[in-house]
Amino acid sequence: MKHVSEKDINEEIKWAQINTDILQSLQNPRKAYWVAVAVCVAMLACAVVAEVYQYQTGLGVADLNRPHMWGLYIATFIFWIGMSHSGTLLSAILHIVHADWRKPIYRFAEAMTTFSLMTAGFFPMIHLGRMWNLYWVIPYVTDRGIWPNFRSPLVWDAFAITTYLTSSAVFLFIGMIPDLAICRDNSTGWRKKLYTVLSLGWQGTDRQWRNFRKTYMLMACFLIPLAVSVHSIVSSDFAMSIMPGWHVTSFPPYFVAGALYSGCASIITLFIILRYFFRWEEYMTMAIHEKICKLTFAIAMVWTYLNLVEFGATWYGHDPVAKEVLISKFVGPFAPFFWAMLFFGSVLPFALAFEKSRRNLPWMFVVSLLLNVGMWLERWMIVGPTLSHAYGPESWNFLWPSIVQWAIVFGSFGWFGLLFLIFVKVVPAVSMYEVKEMVFHRRREANPELAARFHRRITDAQSVTAKPGIEGA
Amino acid sequence: MSVVYSFFSGWVDRSGASIGGRLPGYLMALMGVVAMMVLAASPAHADVPNAVPPKGEHQGKHVEQPIEFPHDIHANVNKINCMYCHTYARRSKVAGIPPTSKCMGCHMVIATDKPRIKKLTEYWEKREPPRWKKVHDVPDFVHFTHEKHLKRFVFDNQGMEVEKVSEVCAFCHGEVKKMTVAEKVKPLNMGFCARCHEANKGPFDCWKCHK
Amino acid sequence: MSLNNILTNWSRYRKGAEEGGFHEYEHQWGMVVDLNKCIGCNACSVACYAENNLPVVGEARYAKSQFMSWMRIERYWDEPDLEPYQASPTANVDVWIETNPPAGKTALKPSMPGSYAEGLLEPGGQGFEERVGVFGTKGEMQDFGASFLPMMCQQCHAATCEPVCPVAATYHTPDGLNAQVYNRCIGSRYCSNNCPYRLRYFNFWSYYEDAWPEPLHMQLNPDLAVRDKGVMEKCTFCVQRIRVAKDEAKMENRKVRDGEFATACVQTCPTGALVFGDLQDPESRVSKLWRFHQVEQGKTKQNKQNKELRGYRILEGLNTDPSVMYLERVREV
Amino acid sequence: MSGNNVNRRDFLKILGWGGVGVAVAGCDRPTTVTLEEGKEEVVAYLQPEEYVIPGVGVWFASTCQQCPAGCGVHGRVREGRVLKMEGNPDSPINYGKLCQMGQAGLQGHYNPDRLKKPLLRKGGALTEVSWEEAMAQLDQKVGIASGLNGERFAWFTGTVSGHQSVLLSAHLASMGSKNHFVHEVINDAVVRAVNQDMLGEAAPRYLLDQAKVVLSFGADFVGAGASPVYFANSYAKFRTATPRGVLIQVEPKMTLTGGSADLWVAIRPGTEGVLALGIANYLTTNGVDASGLPESLRALISGYGPDKVSKITGVSADRVARIAALLKDRSPSLVLAGASAEGHAHGYQSVAAITLLNILLGNVGKTIVPSGASQFPQMEAKPGNTRDLLAFANAAEQKALDVVFFHGANPVYTAPAALGLAEKIKNIPFKVAFSCFPDETAMSADLVLPILSAHEDWGTHMGVYQPEQKSISIQQPLMEPIYPDSKGFGDLLLVMLKARKVTGFDGFEDYYAYLKSAFAALPASVKGDAVSDEDFWGKTLQKGIVKVATVGGSLSTKAIEINLPEFKEDSSRPYHLVPSARLGMWDGRHANLPWLQEAPDQISKVVWTSWVEVHPQTAAKLGVKEGDFIKVASEHGAVEAQVYIYKGVHPDVIAVPMGQGHEEYGRYAKGRGVNPLKVLAPATDAKTGELALYATRVTATHAGRRELLVKLMGNETQLGRKMVATVKAEVFNRTEGGKDVA
Amino acid sequence: MSNKKYRILGLFSDFEEAFLAINDIKLNRVPGVSVDDVRLMSPIEHPEIEEILGERPAHVPKFTLAGACFGITFGFLFLASAQANFLVQPQGGKPVVPLPSNIVLTYEMLILFGVIFTVVSFLFLSGLIGGKKERLYSEKVGVDQIGVILELDDHTYEPTKALFKQHKVLEIREEVIK
């Protein structure tokens, strides 16, 4: 690939062109889209079949067993929760720090947040022995006088995920309203009706924009601590327990770093896919790609560091049983997966560190997928080895997950993909108004004389003697 | 209908039927925090001292029994004590259906010409007990003890006359003495039990009933 | 009533916070397991199957470690020459399984004296390293026979399983027991994950469907429920027997007498290695044994006057505060 | 009311189980939470006994029939179902305790594979017939009219005792037959023979709790022994005595008893006698008076010096010396011989050498005391052996038998394949099995009569090992028969006796009536303070046991000549096969009980299958790992099972547990694991003619397959965690010695 | 002169000109038209226009604060009262109202209610729910044009139009209100 541009975006681009370019993604789908949908539905069908079988038969079909009460379901749950953090990173954190290169790519990242949360939410249910009683986790008033146990990190999870899903879905939607209005203005038929309802009558008035700006900023401020707390709470499922290898102080930041990491990696994946299929080279520019890759690399190094902290703390720590678990990760039955995780998570990201490698998008596509494989393995390496090698030597065991578990994990990607496919056809995956903002501001930054002229003219207008009325016309 | 709120019970009307337990949790709890102070003190039941009868209604359905046993004649007209026939109630967790021999003890001589008694005699002569249908049932993971409840409300209850035991039975079984075959008129669900345990300071250990 | 509850519970909370936990126990059922007497014969385990409607899972499910033996007898081999953990350089799943269980290689000593792990890891017990005694030779692995360890739910007072249950299906009863309420359980299995003894068993299948073909089902104990798939279960200290004994005592307006009843395992134990009773009753056999062995509840590390006494609790260093005291195995060395 | 409290037996005022219409109340099944009215049925009793209260359990005394030990049990009965077995505290055998087999007796009773109707072989296949037809067939073959020569008739049973034994003997007498084969695989026949010859009594009592040191040569007394629960109880006393008793176990494969030993010594199979003589050598050279022994014996002992003994047995000379020194220092001691010492061609000699140690150490009279006979010798248990199995096979081969009745034994399963019993019994024209289960013998019989289970039947028993207080234990029904088409064994015996027109039995309506009258006829000394026969009967049923007096009993010490053969290696078949017995499966009779299948073996912790125990050195030599299938082949056959590797076997030994490998016997047993008895060589003990169970030499080869070995332990060492801590006995003696803590 | 009222929408493609037009209104170039009456419609957000238009109120943060406060109090009280009324839980000698876990949950409730209040207040305050919509609307506002809306009477109608034209208005839409 040759250097397209070193600019984040071409600020001379026509705004009407932006609308056209982005809105073309909402046109009737091509054949490739339907193929993708079919693949996702097929994947999802695997999961549904497996889940129905498991529901009717019991969790024994998942080959869970006594030491391994938790398996891939929980690992994948953390994986999806983790992936959701990327949207928050791009839309909230970068928004607050005014990194406007996020603007062309934050929309799909934010959607990814919501969808991965919607995927993640399934896993605790699938994982439950009696999922039809899941609602007992919700604190509702009943004449039986029983409540959930608020001490349980699982209840915290339920609270945190509900809050996070609500907030991020709302955040996604609020940010979409101006674009939905554009869609409304450019569509006909049922689409028009749909977008009319969705856009809530957005007209871009100054009152709306003013409140919008405040709201967006406030939401961003809420989402950042929320995202951190959500993954800290998820980590407390483990850190709050007494098990060696789980009872680790550094788990909350470790989880958050891992979450941001996997989220960024999947942003790269989706970035490349969207850029390729919708031909959005103008918006998803190489410059932005470079920035995400660098960001991902930085987070990867943070994650690596936290890994080393954990290993070091365990190795030199007081708890020999935790050390055993660590050693079992190094050389035990999980060793191939463990080393694969470290390779994908800590070595492979160096591919992001070199410009030449970074600019090779097909390669980056593969790398980003592998990074996510690594991050998925990380979650499995958190759940599995501790259960295999805990305190009681009697219960030492190794169990390979059954096909049912794999099918459901596999199918969850189909579900996520399906949601995302629907998303890209229903709402603009690139925020048009924010790209315009970006272009507007970039243009003014690039041409300081424009701003100067504007100010000059304002001053000029004031210096003209006030005269009632304007003659002529 | 006066509606009161008990934080424990949810919204209840005076008859005790829960009317609001299924409202959204947050909303209910919000109201609950406000309404927590408003608590209804239930008056003691007239016939059973030191007891607050459980509240709740259930629309039972008629169950076809092998013999349409007239509880009203036995308990209401002839004023036979419940525990005369359901003799195990004070000694066991189950009240028990009286053995056929107990029926025959009287009906060898009494009312032998009535069709129901003839049917009973038929069973007796076949040496085969009637297969009654269970009316008052709780799930298998609930272990209710008649023995302990009778001790609390009848035998250890100061001022309680054993003759009036049917009033205590009526807590959960309704006015059986006004029925022929028994019908389920109380919900017998956990809320029903829990409200009564709260009102009468019964134990609140899950393992008392669930094992 | 509600306000009352809140106020009393708040006052309890205050008390609890100051005094390390609010306790208002009617009884504290506890157990003593004398490993000097235990011969590992498994009678307790089978008695438990009979008493508690435990399903027989069959070979295939046992192979997957999905069995339901509430009372299990673990058997350990002495390992005098523990070597530092060394795994095969070609470590993979198969090699691990092959090499690891028969010749466990881990012997990590607590790296810091005085850490909580010190009490947790005490290989061999008191002075067992020097094995040259009346038998002359340095012990071969199996010279001292096997170490049998009957493991039932330890009924911890600071149970790790309790706080993690999302629906409070496991909680502490006024009898000092760890209750598991089957019909409340939603099967999140967090409790079992958090049990360091791995003494909680999950109904991975609807075991009852094929565990009791007719007429085997007629043996099922009607005093407790048969568990369906998706719920956690564990040793209850035969709560149905406790119930009956307490009910009986209450009907006679007295307290439960020591030795009046016992759990199924204790009642059947051919050597009398298991003793069951009320730790709150100072005259009960268990109380006397706990006192004699100077083991106290509520401690992470026992401060024994006589260090040679045999009583200990398993993984005591984890501060789970179990209600089962084990007495060390004795060997002539 | 009552429930679990066995001390409240006064509650059982009226006992027995006559004429109660029992409704089997529905079980709690979990998924059907039927709350809707009228979905479930509730059936009251027709006319209950006063003590029958729905929802309240009642305890009835009976006797466990799971092994010949004859423990007294209590069965908890609720709503007409027996739910749980507990030990009978009044029993002098088991003191209210019970082993796993006793617990699992329920599953034999409720077994889904029980025989429901008589089966008659018609045209080669067993078909269900009515009792009338079955009894007619029986009468035709063995009735008076059949003209059957009594010598061509035989009973083949397991251990029998009590009134069944009396009736059985009467039946044999009525047939004019002396052919009663009593077969048990797990027996102590050789020890009995040696005891008879050296001590003057076949089964003296062993006072384990009096001994300071117990040296056991393979005697698995707390496991598959004569009376597991009794000896487990004694073991507890022995271990808590002051000073604590020391147990040294010498055997080729670790038994359950060996698992609890202070010192477990692996010995080369067949050299137990040599070790005993080696110890005797140490004792005599270190001041133990051997002057009472004949000169030839003293010469023999002096020939077994430490080096020689060490070389033959594989036990180091130092260790032999220390064991001997311990025995000498701590008196009284007790030296026991068990299956692994007995099971050789020179088993008698080895056991004699071992018994000699008891004489040398002066244990006779201290820890070995005379047992005497009970006052009812006809009721005493007839201990089983394997000699009868061989004799039976021989008789069958010679076509010396026309009719055989089987009860309580499964020779088709237990006989080594080399005996060819399955073929030979085809020579017997009419074989009748009295059995609850479709076991191998029943399935090869011509007529199968389903009998009541142990929990449905009447009977009396005397344990095969009788402690000081001898007793008759009563067996009474704990439940109405599940299958109405099965009959009591005693009833059937009575019917057959009546059919033979034997005098004295025609007055009894059934076995119950017979028992009742037999108890009424007991001497007044036995009846104690009972005021009437009825009262005595009631009290007997309530207590479950009748204590009877001991008659006679004395021990002598007579040293006999011992002639141990040279130990020979067999390079073509380098390994010794040890068919080990396990408490649980016993000789295979409990393989159809799912609880026992799922109860892990105490030592290997394997469930549901057979395994082959191999020493790590041997495993390395064979190149096998845990879970590999290994083929163990003798001259007479081969078995294939998975390997379990540990150090609890002698490197020269391959141990395969008994109990599995059934070809019949219901869904839980059939086709599971392997039966090591099948590959045994039909060698016998030269003196007693007992089958030498431990004398088979085998080869072992990797079978090339591998599966996960299903067992409990994930990791078999404690990994430094304080799971089971161990203290030295001296510490124990110092802190707890002499203190009755609780 | 009839006393008509008009509403006009001037669409500008050049933002600079549009702002200058508003600036002119601010400078009172059209008497009777106040800058406070100017309503804007724009494809993007223009914070810089506030320099001209002046600070106009946005009350969302107040509701956010209210929501957060409500979340914190309600959250804690709800948890505490639920726990104190949970008749089973207190038996085990552990605190009835455990602060560490309640802090976590209260924190989540804070955020949840903060977000909900913010969003709901935004929807109302910005007129998306319940507010009146501008009847003059051009789809071009969604593309690249900026619209200036003014309500005028007969006196100001013409001068304003003239002002717009002076600032290169592309299109003027108008309607008569009264």
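As written, the chains take the letters A, B, C, D and E, and residue 1 is the first residue of each chain.
Methods note: a residue touches a chain if its C-beta (ideal position, glycine included) is under 8 Å from a C-beta of that chain, and two chains touch if they have at least 3 such contacts.
Predicted model, so just to flag it, every value in this text is computed and none were measured.
Trainee: Which chain has its Cα centroid closest to the overall Cα centroid?
Mentor: Going by the distance between chain centres and the overall C-alpha centre, it is C.
Trainee: By raw count of C-beta pairs in contact, what's the busiest chain pair here?
Mentor: By number of C-beta pairs in contact, the leading chain pair is C-D.
Trainee: Express in whole angstrom the distance between the two chain centres, defined as the mean CA positions of chain D and chain E.
Mentor: The answer is 90 Å.
Trainee: For chain B versus chain C, what separation do you get between their C-alpha means, in angstrom?
Mentor: 40
Trainee: Hey, how far is the Cα centre of chain A from the one of chain D, in Å?
Mentor: Centre-to-centre distance between chain A and chain D: 67 Å.
Trainee: Using mean CA coordinates as chain centres, what's the chain C-chain E distance in Å?
Mentor: Comparing mean C-alpha positions, chain E is 63 Å from chain C.
Trainee: Give me the residue numbers in chain E that touch at least two other chains, ranges are fine.
Mentor: In chain E, the residues touching two or more other chains are 78, 81-83, 85-89, 91, 94.
Trainee: Which residue numbers or ranges of chain D touch two or more of the other chains?
Mentor: Correct list: 1, 28-30, 712-721, 723.
Trainee: Quick check: what residues of chain B touch more than one other chain, meaning two or more?
Mentor: 7-8, 29, 32, 36, 139-141, 198, 204-206
Trainee: Within the complex, which stretch of chain A touches chain E?
Mentor: Touching chain E from chain A are residues 14-16, 19, 139, 145-147, 149-152, 155-156, 159-160, 162-163, 166-167, 170-171, 174, 177-178, 181-182, 185-186, 200-215, 218-219, 222, 225-226, 229, 233, 236, 433-434, 436-437, 440, 450, 453-454, 457-458, 461-462, 466-470, 472-473.
Trainee: What residues on chain A touch chain D, complex-wise?
Mentor: Those residues of chain A that touch chain D are 67, 320-321, 324, 391-397.
Trainee: Could you list, by residue number, the parts of chain A that touch chain C in their complex?
Mentor: Those in contact with chain C are residues 57-60, 63-67, 69-70, 124, 127-131, 133-134, 136-137, 146-149, 151-155, 158, 237, 240-243, 316-321, 323-324, 327, 331-333, 335-336, 387, 390-400.
Trainee: Would you tell me which residues of chain A are touching chain B in their complex?
Mentor: Those residues of chain A that touch chain B are 138-145.
Trainee: What residues on chain B touch chain A, complex-wise?
Mentor: Chain B reaches chain A through residues 7-10, 12, 18, 20-25, 28-29, 32, 190-191, 194-195, 198, 204.
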